[in-house]
Amino acid sequence: MIKVSVVGAKGRMGLHVVEAVNNAEDTQLALALDAGDDLTQITTDNTDVVVEFTVPSVSLNNVLTLIGQGVDVVVGTTGWTDEKLAQVKSAIANGPKPETQKVFIAPNFAISAVLADYFATKAAKYFESAEVIELHHPTKVDAPSGTAIHTAHGIAEARKAAGLAPVPDATETDGGSRGQVVDGIHVHAVRLRGLNAHEEVLFGNAGEQLTIRADSFDRTSFMPGVLLAVRKLAGDAPAGLTIGLDHFLDL
Amino acid sequence: MIKVSVVGAKGRMGLHVVEAVNNAEDTQLALALDAGDDLTQITTDNTDVVVEFTVPSVSLNNVLTLIGQGVDVVVGTTGWTDEKLAQVKSAIANGPKPETQKVFIAPNFAISAVLADYFATKAAKYFESAEVIELHHPTKVDAPSGTAIHTAHGIAEARKAAGLAPVPDATETDGGSRGQVVDGIHVHAVRLRGLNAHEEVLFGNAGEQLTIRADSFDRTSFMPGVLLAVRKLAGDAPAGLTIGLDHFLDL
Amino acid sequence: MIKVSVVGAKGRMGLHVVEAVNNAEDTQLALALDAGDDLTQITTDNTDVVVEFTVPSVSLNNVLTLIGQGVDVVVGTTGWTDEKLAQVKSAIANGPKPETQKVFIAPNFAISAVLADYFATKAAKYFESAEVIELHHPTKVDAPSGTAIHTAHGIAEARKAAGLAPVPDATETDGGSRGQVVDGIHVHAVRLRGLNAHEEVLFGNAGEQLTIRADSFDRTSFMPGVLLAVRKLAGDAPAGLTIGLDHFLDL
Amino acid sequence: MIKVSVVGAKGRMGLHVVEAVNNAEDTQLALALDAGDDLTQITTDNTDVVVEFTVPSVSLNNVLTLIGQGVDVVVGTTGWTDEKLAQVKSAIANGPKPETQKVFIAPNFAISAVLADYFATKAAKYFESAEVIELHHPTKVDAPSGTAIHTAHGIAEARKAAGLAPVPDATETDGGSRGQVVDGIHVHAVRLRGLNAHEEVLFGNAGEQLTIRADSFDRTSFMPGVLLAVRKLAGDAPAGLTIGLDHFLDL
């Protein structure tokens, strides 16, 4: 049994994590803490892995505290900058177990989204054309999604490495219908009531198309990825800071 | 048997029309003419309906000539302006059979595309969100397609007539990923090698989505629509100028 | 303000109806009753329209009681047989307001699904091929869905009325991959964890395809249809028993 | 420049191969032979790689002859049994260059289809549900496609290796709508006029879906795969018999 503590346990994601930890056969809930609770209650005696899902403004401090406690941490909060990540690395190096401390941060725990992004990068060099369409609910404040930008960069890098020419395009496109060009790849964002978070990657050659699509219908979609990360940290994940669920998938 | 003459018979579309007319059980090929041929060979003695598929620069003159011959015409050539259409109407009024002359012009003969456009207009007032994605081969010079703009206008008009609020949207969308806004409706254009001509209309309410998609894989997709128009002109189509295949569909 | 009472107010659907009635600007909640509550509390003094979402075993009695109270009823419960419907009609005829009583029963309140079904029936006669794919969560006990069977029948009837030949098919199909044949139309059922209720209708001619797809992601998808029915019963809906949301859509 | 001879040069696929070889910058056409032509004209003097696209009844003999000539062969003809493959291996072993002879046979040269199949196998173990839908033109004689069966087997094997439970399913499915069960995976075949060859693989977990789709719109879709194989055989492909384009993709 893996003993899992949850920080941010009353938040929208935290509630799902608590339920997932309670329901899985190989995990059990240790402490469920939220804003105002003392994180130093979490120790290696009562906890194998902590799952931290809070907000960007407090997540760094939480993670630094938890590293100081010597417990391994899965972080789902977003908003990590290079500077913040450097502070995490420094905290590990100066913490109580620099050789064995594990910290895992992921921008996306939906396995379908992580796989789609990975497959898109692998497929990219075999197609003359590639575009990305992401679709979200209209209350998402920004467009396009960070995931779509990440996918576009991955495709662009794979094309460059393979020496591909730029994607062919229409020439009279003044009105903006061709979307946002990210590193040479056109990215389109749809905002539609009823949707949650979706991404579709289209590849084309003469006579053929490959489409890879990931749909996240609700927050439960992140739980298999969270549990996978918990098991990896309790298992054979490497020490240090790891970023991205693709590192824990066997691809 | 409907006797059909084809003008532009050696063009990309004309070749398909000749084949379709030869293959259908209720039509037979009369004259197959192309650039340089004398259109006054076409008369009501040898021809019931003419199909004209040429280029915008000559199509108006062809149609005026054919009206002068008193034969009914199905026109597939694009590029019709209000001014040109007025000339056609005038020619009918001053022609040999002002009461019975039939001229039919359609911007799109693909039945799937015409139905998709029609259904989108009917569905529009029942959904909070609506967006249009069109997808074409990358050698199409412009973006978005005229069909997508037409669909967006139809949706916008139906929403206004029903008193709907503007579609909900993201607020931070500087990069252009949200596409071209046509009358309040976001239109996205994908250009992908391997594709031909495709349009997808997305409608959303809380918890539900309706998607209507038309795919035209090649030029044979226009032939059922051309034959439908030919039969209508040889049959019960109203006299005068009719624009748009939706007028000949039983919807 | 339309005064709406809800019967089955604590059920899965009823909870959503109560919330929808509270949130809409033109409706207000009157009584919210559930199993064991006395339905004769509902009168024309306190209620304009009742929404009944219970279970098949009690729904008929509820509806008969409400007709006896002289209140108009929107029924979302399933399981209506011809015999039960006859009892409803008889109760209306013998009730306190036979000339003005309105009862509305719908097998599906998702507007996207009702529109998809309607559009499929309209499109059917223009295509050589037609197939239906429905996709649901794997805990739905039966396959295919009643909606898919209804759609297949509608397509089949439209094809027959238009004199179309049977759909073309493969000849070596022993293994069952071609799905269930409903009135000549092939119906495929997918059962996939993560899905809710979805239907896709595919139409094909040489060179073209038309796809109509309805996605119901969760129960909130039924609320716009429920509110539409409530408004119609409080407004210009005809007296008597009406079955099917398509009667209330302007198509 | 890679010198390429084509056997079956007047066949439907052969014509495309000749065109592709002529158009590519790094290949040039050597001999274009068809039924009745003497294959011993093809020698290592005039040819680097042969592309053989004929029919199952003659393909084995053609390949054996070409091995006897010591030229490397890309084979696109289908219908290879274990017995026939054993004959090819034996011919290589007893041929003029047993250490360096290269023969490549592929059931599918569409890169999108090969990638979809490969990605499906990699994704399989991360999802509770998986189904395969293949869609083809209605003149394809059999259903489901060999590619769909191959994909289903690959998914089933990956699930077994990972210890996954059987896919969850509906329980009342007598009518056949759930399709053909291949090694525990449900496979659906759609036959629709206008389509060519398409495959969609659906994976589902609670709250999420991954969809991988390959579309082959026409025979030109096979040419990038054929040229890739030609280049590999002229380059660093291993000696001996290789089966499947996935061996030549960098995945």
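When the chains are written out, they are named A, B, C and D in that same order, and each has its own residue count from 1.
Just so we're on the same page, a residue touches a chain if its C-beta (ideal position, glycine included) is under 8 Å from a C-beta of that chain, and two chains touch if they have at least 3 such contacts.
Each chain and its UniProt protein: A, B, C, D = 4-hydroxy-tetrahydrodipicolinate reductase.
Note that this is a predicted model, so its numbers are computed, not measured.
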Same-residue or different-residue interface between subunit C and subunit D, half as cut-off = same
Which chain is most remote from subunit C in terms of Cα centres?
-> D
Averaged over CA atoms, how far is the centre of subunit B from the centre of subunit C? Could you give it in whole Å?
-> 35
What is the distance in Å between the mean C-alpha positions of subunit B and subunit D?
-> 39
How big is the gap, in whole Å, between where the Cα atoms of subunit C centre and where those of subunit D centre?
-> 45
Multi-chain contacts in subunit B, i.e. residues touching at least two other chains, fall at 127, 194, 203, 205-209, 215, 217, 221
Per the touch rule above, subunit A residues touching subunit B in the complex are 127-129, 131, 133-136, 138-144, 148, 167-173, 175-182, 186-195, 202-209
Interface with subunit D, subunit B side, in the complex: residues 194, 196, 215, 217, 221
Residues of subunit D defined as touching subunit A within the complex = 110-113, 115-116, 119, 122-123, 125-127, 203, 205-224, 249-251
